[in-house]
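The same chain A turns up in both complexes below, where it pairs with chain B and then with chain C.
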Partner chain A sequence: MGQTLVYGILNGSLYGIIALGIALVFGIMKYLNLAQGTLIILGAYIGLYLSQLGLDPFLSIPVVMVALFLFAAVLFKTCFSRLINFDEEEKIKNSLLISFGLMLFLDNLITVIWTSDERSITPAYSGITFELFGLRIPLIGLAGALLAVILILLLHLFLTRTYFGQSVVAVSQDQEAASLMGVNVSLTFLTSFAISVSIASIPSMLIALQSFSPTVGLHWFNKGIVVVILSGIGNIYGVLPAGLFLGIIEALSVYIFGPSYREVTGLAVFVLILILVPKGLFRRRGAA
Partner chain B sequence: MHSRKIIPVILLLAVIALFPVMTRSEYILNIMITFFLYVILSESWNLIGGFAGQISLGHSAFFGIGALVTRLVWLSGIPVIPALFAGGIGAAALACSVGIPCLRMTQAYFPIGTLALAMIAQITIGNIFPLPGSLSSEYVAAYNLSSRYYLAFAVGIFTVLTVYLFARSKKGLALVAIRDDEGAAAAVGVKPFQHKILALLVSSFMAGLGGGIFAYQHVSYFYSAPFELSWAFLPTLTTFIGGLGTISGPIIGSVAFLALSELFVLNLGEIHLLVFGATFVLIVMFLPKGLFSLSVGIRSFLRDWALRLIGRGEAKKL
Partner chain C sequence: MLVVDGLDVHYGDLQVLWGISLEVRDGEIVALIGSNGAGKSTLIRAIAGLIRPTKGTIRLDHLLLNRRPPHEIVKAGISMVPEGRRLFPKMSVLQNLRMGAFMKKARHEIEQTLGWVYDIFPVLKERSDQPAGLLSGGEQQMLAIGRALMANNRVLLLDEMSLGLSPLLVQNLFKIIAQINETGISVLIVEQNVPMTLRLADRAYIIETGHIVGEGAAESLLNSPRVREAYLGIGPECEDSLGGV
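Right, the complex of A and B next:
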């Protein structure tokens, strides 16, 4: 039981970071990026390529981050920039559709380049665990959880302490007013999108250390969107607790119903929440 | 439909109806059955996605339930046509129980919510029926491809006709009004929720019939196969690419999808999906009314151009 919870919490922090990228785009830009999961998998393949060159997975995170940042910037310029001035509902709908097409495109492009085999990166330390209060804790999972916490702190500092971060918050609150106050909205959008995709480099690496194949992107996007809805749309501080919540629920369901219904439980919770409490569980007043 | 269009359509249908007589090639007949299946699925999706404006990414759940119910009922010894209807009703029942709560979600969450439902259905059915279902030897001995062909053809015509009539009925017009401006439609007394429910029920019933055709056509398949998400993505792609909220759009899209997937069938990966994904993005960005609007646009451009030529000629004569 305790061991199950440990895995639940570690998985949950992974869900939290995946959700962070989606929540950032959704909260600030009102874009729903269905391709986020696929971009995570793309990052995993870049990481695989780097590890074949001999780079340690954790050291390759910054490289993958830069690669995804540039890729996302190009993607935004070519596909998403025309939606900037749409009203909110049209923005969500069109970005959802465009990213849906992109997801299919990228999934199959990845299959063509890397074949559909299941891959994973296994450095020497991948099996290491240590004991704490009689519970086994895997080293990589713990590192992932720490990265999640650091990432959210950094993002918080970025949004509250830097000029650019403040302009991001301004755009998320009122795009038109921000634009009138001299904020460069399209640059803010471009950068926010690229940042939120580059955040995917951390889940990329954590997933690459488990296992991945070209078409699992949607599966990971689903984990992310469940957490986003749980935490309340656009609330980036809610994603970690909501991620842990989902991780623990899944772990409990494995404990009770067995592993084959793990996915179903998470999704069922998600649908129930969409129907019953559409505003999310961890909503904070005045959160960005 | 204009009366002058009816004759070519009937001729085309007659030619299609003669296919099993003209050819014995199983390949061609199976391709045609797949084409009917795509049309049924796309046209039924078009009702909820195109005419009602609710982009569902969970159509595979209805398709799959239709396949599952039809297969089980048919294999229990009941003739296939009642089994097919049972499948349609099963899909509509699923829509009643889980689809209607989804319609309460605001527009952005409907696609994600239905996607989640489709995934739940796929995993659950995969867990309950882990083994593929095969036909017993007596069913295999009685297997006759042209009966599959005609049944699929009939259901295809039924689906297109239903969507056509529904779209032109008072309810269909109300649906389009709700899609275009829900507030205004509600203000003049059109009840948005009721109309959306009706569209979802009719749409899921027809998707269930499509699933039944799938179950009738295939000798052996995993029960979770018709629940795969590709069956939810397919009608979204074909309808968007052909033309959302038009009758011929989903048919054009299905032809294009089938042609492309046959063209690339021997290649690594699913290149047709790669092409379709890219086309889909371009269509959403630049041609939101689909390829159908392109043909309409070209036709009206040509007509204008011809009229101008004639007009200029007449002016010269004078």
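Right, the complex of A and C next:
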């Protein structure tokens, strides 16, 4: 049982960071980026390539991060920049369509480049676990959970302590008013999108260390969007607890009903929560 | 000096402004008078860069401003208090004010400007840690004006700042606008209360269905029978009902 919780928490923190990228884009720009999962998988392939060159997966995170940042900036310029001044509903609908197309395109592009074989990166330390209070804790999972926490803290400091971060918060609350304060909204959109996609480098690596193939992006997006909705849409501080919640529910379901009911239980609880607490579990009132 | 010349604005195929020309000289208060739907907000928004005019020019001194995005227009020296306040509701009062000084040149003077804004609106200092969304309507409007002042700009555009506020508060805000203008800031003001606005302003333009149909010294417009009938709803015989500001 304790061991189940450990796996639930570690998996949950992975769900949490996947959700973070989706929640940031949605919270700031009101874009729904269906391609976030595929971009995570793209990051995993870049990581695979780097590992074949001999770079350690964890050390390759910053490289993947920069690569995804630049790629996302180009994607934004070419595919998403036209939606900037649309109203909220139009933004959601159009970004959904565009990112769906993008996802199909990238899935296929990845298949063409890397074939549809299932891959994984297996460094020497991939199986290492250590004991704590009688529980086995996998090293990689723990590192991933720590990275998730660090990332959210950094993001919090960036948003609250820097002028640029404050302008991002301002844009998320009233885009037009922010522009009247002298905020360059297009640049803020571009940067926020690129940052949100570059965050995918962490789940990229964690997934690469498990296993991946070209078309599993949507599966991971689904986990992410469920967590985003559980946490209360647009609330970036709720994603980690909501991710942990989903991870633990899934782990408990495996423990009680067996592995084949994992997805079903997760989604059933999700629907139940939507009915009972439609605004999400971790919605905060007042300050951003 | 802010000069608008021959401005056309369309929403899609619908033209709402037709060849608008006006100017706001340094240190002036200029009022824009017109009934609902005349195009006042559209004109203010076009000057602020929120809508791109289809024809005509907007200049601040020699700088051409039409076709520029809003953030460049603020940098050029024009701040706007939008209709409906448009605060950042989840940010605190102080954070809203700091956002007002987002531009680099304003950031350098932020502490001084903040002191000045707090002097004008002491209540903002008392409420500085409260989320803007929880302020009263009047306090929100003060914050909207204070936030625009934080940019330390030479031109202030005010769109219906007194909407929904108590008469006493409106009188106060008008006094404050006069006071702000004393410091050398030019003001272009849109208001529903025509007599009060004409008393505050130096000059005024009258706009009807997207056309400028009259202009002149505010005082003479206040006394012109045409304005009195159309916007004050009174004939020349009811002098006294205009009351004092």
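The rule is simple: the second predicted complex is superposed on the first by the 280 of 288 C-alpha atoms of A that agree within 3 Å, B and C clash if a C-alpha of one lies under 4 Å from a C-alpha of the other, contacts with A are read in each partner's own complex, and residues count from 1 in each chain.
Methods note: a contact is a pair of C-beta atoms (placed from the backbone, for glycine too) under 8 Å apart; a residue touches a chain by one contact, two chains touch by 3 or more.
Treat the numbers as computed from the prediction; the structure is a model and nothing was measured.
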>> Once chain A of both complexes is superposed, is A:M181 in touch with chain B (first), chain C (second), both, or neither?
In response: second
> Thinking of the overlay built on chain A, is A:T129 touched by chain B (first), by chain C (second), by both, or by neither?
Replying inline: neither
> A:Q3 contacts which: chain B (first), chain C (second), both, neither?
Replying inline: neither
> Now for A:Y163: first (chain B), second (chain C), both, or neither, which partner does it touch?
Replying inline: second
>> I'd like to know which partner A:G101 touches here: chain B for first, chain C for second, both or neither.
In response: first
>> I'd like to know which partner A:E263 touches here: chain B for first, chain C for second, both or neither.
In response: first
>> I'd like to check the shared interface: which positions of chain A are touched by both chain B and chain C across the two complexes?
In response: none
>> Show me the residue ranges of chain B that touch chain A in the complex, using the header's touch definition.
In response: 55, 57, 98, 101-102, 104-109, 111-113, 115-117, 119-120, 123-124, 127, 229, 233, 236-237, 240, 268-271, 273-274, 276-281, 284-285
> So in the complex, which bits of chain A are touching chain B?
Replying inline: 32, 79, 82, 89, 92-94, 96-98, 100-109, 111-112, 115-116, 218, 222, 225-226, 229, 260-261, 263-264, 267-268, 270-271, 274-275, 278
>> For the complex, give me every residue of chain A touching chain C.
In response: 163, 166-167, 169-170, 173-174, 176-186, 286-288
> Of all residues in chain C, which touch chain A in the complex?
Replying inline: 48-50, 69-71, 74-75, 79-80, 82, 86-92, 95, 98-100, 102-103, 106-107, 131, 134, 147-148, 151
